[in-house]
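For reference, the structure discussed in these notes is given below.
Chain naming follows the written order as A, B, C, D, E, F and G, and within any one chain the residues start at number 1.
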C-alpha cells in the first residue's frame, strides 16, 4: 500500500517533514493532512500531521510546543508562593487541582501538615475543579462530534461550579488559594449549602448529558470500538486518569496513592473502570467520574471539621534541602511535581509530570489505521489541555 | 480599489456599512491558552452569549472572519502562525488581544519561549487585560470595538489608537 | 407562427454554437477539469436541443443522468487519478497524430455532411408535437418491453463488472 | 377580485419579468427567514441562549447586517486556485437553487412553471449542485476543500437516490409528476372513501416522507450528515477558502435550498398549498395558497433544523451505509408495496 | 426548423468526438470524447423521433432509443472509468499509449 | 487521614470494602525501615549487580536508585519484569548551581539580601549521590503494590548520552525528546530525537543552569515586595502566617 | 402547435431563471467589487492550512470507494429514470406493469445485493 512500511522510519520521515520551519515534501503516495495549530479539533494549538491513504490514517504525529511557556525554567527563579500563582495555568481547566500536588510536595519537604479543615476544603475544591473540568469535556466532545448543543449546555452548567470556586477563592479560573500549610482563607458564609445546590445541578447535568450525548446512537456508533487502547500499552505509555481506567486498569491515585493532605478516605465513593478501552469507554468513565466527584463533594461538605485553615509555617517560606515527588489524581490524570530543593527561597529544580503529555504521546500508536473522522473521536476522548502538554 | 477603502462613500451609506460591520462580527474559533476557555464561555455559554451583540462564532477558518480574539499566550513558535492567520483574514478585520499574555507576555514575561505581546506581530484594536479576563471583560471589549466601528472612517482605519478595556 | 420559427432557429443556433465551441474545448483544452466542465456545457446544450425538439422527458433525463451522475463520475475519475491543478501538456498525442485525427475528423465531416444533405435536404419538421412522458411510457411498455428488461440486465452486468474492477484486493 | 386576477393574462415577457422579480425577491427573503428564525432564534432557544439581539428589533435583521457586511469584505482567491472555476462555483450552486424555485407551486396559478414532469425536474436540478460543490473543492487547491468536496459529492449522490426513490411512491399514488397535479390529487383524494381531509400522502407515504426528510438533511449537509463540512476535522470543507460575498452565496444557497426542499416535501406529503376543507379549485388560494404553503414549510423546516441542532454527526462510511443499506432498500420496498396496493385497490 | 440543422449538429459533434478519441492520450479525456459521440447520436435519434412523431403521434421510437442509449452510456462510462482507475492504480498513469496489456 | 509514612500502603476504598481504610498513623511512625522498598532494592541489586551505584529510601514514601549508565536500559527491563509496568516520566537534572548569582533572581533582591555575586558553589548531588553535573532521572510505578522507583543515572559532561528506554516503555519516547531538548542529553537508539517544543533554530538548552533568562538579565523582577532582608534575621522573625 | 409553443416557453423561463441565477450572483459580486477593499498582504493568498505551510502537495489519491458509490448511483439513477414514466401510468398498466417493473427492480437489486455481499459498501 505504501512505499514506507516501517512505522518508526515513517514517523521519522514524517517528523522531519513537519518541522515548523522546513516542510519537506516527502510524499510518495497519499496525502498529508495537517490539523492545527489553528484547528477546532485541537482545543487550541496542538498540531497533528496525519499521513493519509484516502481517508485512512497511515500515521499521525502530534507536534506540540506551540504553547510551551518554559514552566520548568521559570519556576527556578520564582519563590514558592509565586510558583503557586503560576502553576494554576498548566491545566487551565482544573486550576485548583494544579496547586495541590505542588503544595503537598513542598509540605512534604518541610514536614508541615495542613490542619484538618484545610485538608477537607482542599479536597472539596479539588473535586470541584474536577467537575468543572470534565463537564466541559463532555460538552466539548459532543461539539467535536457535531452535536453542538452539548457544548452550550456544558458551558451553562459549568458556571455553577465556577461560581462556587469563585465565591470561596476569589478566582473564577485561577484561584491561587492553596498555601503551604493550609489555605489562604476560610470558606465564606453559606457556601456549603450553595455548594450542595450547585452539585445537585451538576448531577442533573450529568443525567442530561447521558441522555443527549452518551446515550445517543450516533454518538455510540462514532465512539464504540474506535481507538482501542489495551491495558499494557496504556501502562507503558504512562496513560493515567480516566484514559487508563477506561482500559480496564483499576488504578486511581486518590484511592491507591493518595498523599496526605487530601481526605478521600473520608468519603464513600467508587472508582469506575471500563473494560473496552475505546473512545466510548473513556467518555463513560469520565461521566461517571464527574458524578463521583460531585458525590465526594457533597459528602465532604457534610463532614467538614471546624478549626483553623492554616498551620504554623514561617512567613518566609524556605524549603529544606531534599527531593520529593508528589502526584495526585488530577482531572486529566496523574499530575506530579518532582521538587528538588537546596534550602532556598526558590526550588532548585521542578520536574512537572503532567498528565496530558503522556496521554497524547500515545496518539501515533492509537491513530494508526484509523479514519480521519475517528482521529477526532480519539483526540477528543483522550482529552488533553494544551498547557498540560507543553507546560 | 474599493469605495470603502478610499473613503469616498456618501455619509448615509457609509453609516449603513459601518452599522452592518458593527452588528455582524464573525469571529473565528481560535483559543490559545487559559483565556480560550473564558473566550469560549463568552462565545458559547448561555450566560454570556456574545451572539447577542452580533458576534457570530461560526467560522472555523479565517477566510470568513472579521475578528480574531487572540486569547492566550503567544509563543515564539506560534508567532508565524498568528501572523499568517491574521493576514489570511479578508479586510476589514479586527483584532482583540485578550489576557495579559497576549497583551504583554503576562506572567511569562521572563520566559525564553514566549512572545511579549501579540502587538509585536499584528496590529491590535482592543486590549482586554486580565489573567484571564472574565467573559464580561471580553464583552466589554467587543462593545468598545463596536462603538469604534460605528464611527469608523475606513480611509483612516489604521490610524487610531488601540482601545484598552479598563 | 413565423415569430416562433425565427425564435426557434435563433435559439438553435446560439445553443449549437455554444455546443460546438464547448465540444472543441473538450477535445483541445489542456486542463482535465476544464475539459469536464466544457463537457457540462455541451451536455446541457444537448438537453436544450431536446427541449427544442419537444422531447421533454429525454431532456430532463439528460440532465439527471448526464449532468447529475455521469459528470460526477468523470469528476471523481479526474480527482482519483490525481489530475494537476494547472495545465497539463501530457494530455494529447503527438502533433502528427493530432493532425491525422484532424484530417480523419474533417473527412468524416465531409462524408456525413454530403450524405445528410443528400438524404434530407431542406426537409422541415412540420408541426412538432410535445411528446409527453405518458406516451414515452406507453411506448416502452409496449413495443420496447424486451429491450427495457434487457437494459436492467445490462446495468447489472456493468455494475458487477465495475465492482469487480474497482475493488481493492 | 379573484376572478380578475384569474383573467389577468399578461404577455409572456411581462409575466416572465414579474416571475423573475418575485422569485428574485422570494429566494433571499426565504433564506433570510429560515436563517434568522432557525439558525438564530430557534437554535438559541434550544441552547437556552438569546441569540442576536442588537441588529434590528430583537436582532431580526442580523442576517441582513451579515449580508451588507459581506459585500464590503475583501475577495480573496488563493494563489494556487483555478481562478475561473473557483469564482464560478458559487454561481453554479446559486443557479441550481434558483432553478428549484421554478417548479415550486404556491397555488394552482402562482407558480413559475407548472411543468408536466415537475418532480422529475426538481430531482434533476437538485443533482446539479454537486457539480458546483466539486468545482469549489477542486479549484480551491486546498486539502480540506478537496476532502470536503469529495465527501460532499459522495454524500450528495448517495442521498440523491433515496430522494428519487422516496418520491416514487407519491408519483405512483398521484399518477402524475406535476407538482400541482400532486396537490390536486391530495386535495381531492380520499382515505378509504372518506374525503374529509383529502388524502395527504404523509399518511400513506410516511416511509417515503421519512426517507425524503433524511435525504434532504443529507443534501443540505446538515447534522447528522454534515461530515463534508465537519468543522472539527476539515474546517468547513469545500467552503474553506471562500471569503466575503462568495461565501455568503453558499450560505444563502444552503438556506434557500432548505426552504425549497421543505416546500417540495410540503407539496408532496402535506398537501402543499391546499387545505383539506377547501377545494383546490377555489379562487381563495390566490391569497391563501402562499400562506398555507409557508406555514407547512416552516413546519417541515422545524423538523429539519431540530434534528440539526440535536444530533452528533455520522461518520462518512456510516452515512453511506445508512443510505445504501437502509434507506435505499427501504425505499425500494416502499415502492413495491405502494405499487401493489395501487394495482390491487 | 430543418431536420438537417440537428443532423448537422450531430455530425459535427460526432466528428469532434472522433477527433478527441484519436488525438487525446489521457484515458479520461478519451472517455469524454466518446460521450460526445454518444450524445451526437442521441441528438440524431431524438430529431428523427420528433420528425416521425409529428406525422405519427404514436411513434416515439426516437426518444425511447435515446433513453436506452443514455442507459448504455451510463454503463459504458461506469465500466470504462473503472478500467481507467484500475490501470491508474497499477501503473500510476492513464496514458492510453502506455496501455498495452494485451501485448503479451 | 494519613501521614506521609503510610503512603506506601494500598488502601482500597471502593465503596464495597472500606474496612481497612483506617491505617493508623501511629504505628507507621514507629516504622523506621521500609521492608517493602528494601525488598525491591534488594531484588534490583540482585538483577543488576554492580550497576547499582547508590540508593536512598525514604521509609514509607519513596525509593531512589542510582544505576550505572551502561545499565540504564537493563534497569528499565528489570523494573518492568518486577512489575513496575507503569511508566511515569524521564527527565534530567543539572546540578550546577546557577552561575547567575543566587537563584538567578533580580539585582534588587541581591542588594536587599546584601549578598554579592559569589563564587560558583560546588556541585552537590541529591539523593542516591552522583558524580556528574547532569543526571537523568526516571520514575516507574508498580500499580499492584503502589510503590515507585526513581532511577537516576550519571551522564558525564564529555559524553552526554544514555541508552534509550523506548524499547521498554513506549512512553519514554516523548520524555526523552524533551530531555534532549532541555538538557542536551541524547539517547542512543531513540527513533526520532527531534525538537519537541522549540523551533528548530533555537539555540541552547533551556533547562541547563547556565542558560540565562535574558528578560531577567535585562530587567529585574518587578514584583519583589515581601522578601525580608536578611536570612539570618528572618529566622528570628518567624511568625504565624495570617 | 400552441401546445408546443407553450411548452418551449416554459423551458425558456427555466433558461431565463438559470441566467438570472448566475446574473444575480455576478451582479451582487459586482456591487461588492465597488465597495470592497483590496489590501494585499504577504501571506494572504497562501492556501489556508491551519496556519502553517501546506504540507505535501494538495492532491490526494482518495480511495476508490467514492467511485463505487458514484457508480452504484449512476446505475440506480438510470433505473429511476425508467421508473418515473411507469409510475405515472401504473393505473393503466395494472398487474402487467407491476410484474414488469418488479422484474426490472429485482434484477438491479441483485446488483445492490452483490455490492453488499462483496463488501464494497463498507470501508476496507
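Convention: a contact is a pair of C-beta atoms (placed from the backbone, for glycine too) under 8 Å apart; a residue touches a chain by one contact, two chains touch by 3 or more.
Predicted model only: the values in this text are computed from it and were never measured.
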Set of chains whose contacts include both chain E and chain B: G
Longest centre-to-centre distance from chain C, chain (CA-based): F
Most contacted chain pair (by C-beta pair count): C-E
Furthest chain, CA centroid comparison against chain B: E
Centre-of-Cα separation between chain F and chain E, whole angstrom: 76
Inter-centroid spacing, chain F versus chain D (mean Cα positions, whole Å): 64
Separation of mean Cα positions, chain C and chain B [Å, integer]: 53
Chain D and chain E: spacing of chain centres that average the CA atoms, whole Å: 33
Residues of chain F touching at least two other chains: 197-199, 206, 211, 213, 216, 221
Shared-contact residues (touching 2 or more other chains) in chain E: 67, 70-71, 74-75, 77-78, 81-82, 85, 89
Contacts with two or more other chains, residues of chain D listed in rising order: 47-49, 70, 72-76, 80, 117, 120, 141, 143-144, 146-147, 150, 153, 157, 160, 177, 231, 235, 240-241, 244, 317
Chain B to chain D touching residues, read off their complex: 2, 4, 16-17, 19-24, 26, 29, 46, 49, 51-54, 56, 59-61, 63-64, 66, 88, 90-92
Sites on chain A touched by chain F in the complex: 8, 11-12, 15-16, 19-22, 64-65, 68, 70, 72-74, 76-77, 79, 82, 108, 113, 116, 119, 179, 181, 184, 232-233, 235-239, 249, 251, 255-260, 263-266, 268-271, 310, 312-316, 318, 322-325, 327, 334, 336, 338, 340, 342, 344-346, 349, 351, 353, 357-358, 361-362, 365, 390
Parts of chain D lying in touch with chain G, wherever the complex brings them together: 12, 16, 19-20, 23-24, 70-80, 90-91, 94-99, 101-102, 112-113, 115, 117, 119-120, 140-144, 146-147, 150, 153-154, 157-158, 160-161, 164-165, 168, 171-172, 175-177, 235, 240-241, 244-246, 249, 317, 320-321, 324-325, 328-329, 332, 335-336, 339-340, 342-343
Chain C contact footprint on chain D (complex, rising order): 80-82, 85, 116-117, 120-121, 123-125, 127-128, 130-131, 134-135, 138-139, 141, 146, 150, 153, 157, 160, 177
Residue ranges of chain F in contact with chain A within the complex: 1-4, 6-7, 10-15, 18, 21-22, 61-62, 64, 85-89, 91, 93-94, 97-98, 102-105, 124, 126-127, 137, 139, 143, 146, 148, 150, 168-171, 173-175, 182, 191-192, 194-201, 206-207, 211, 213, 216, 221, 223, 226-228, 231, 234, 237-242
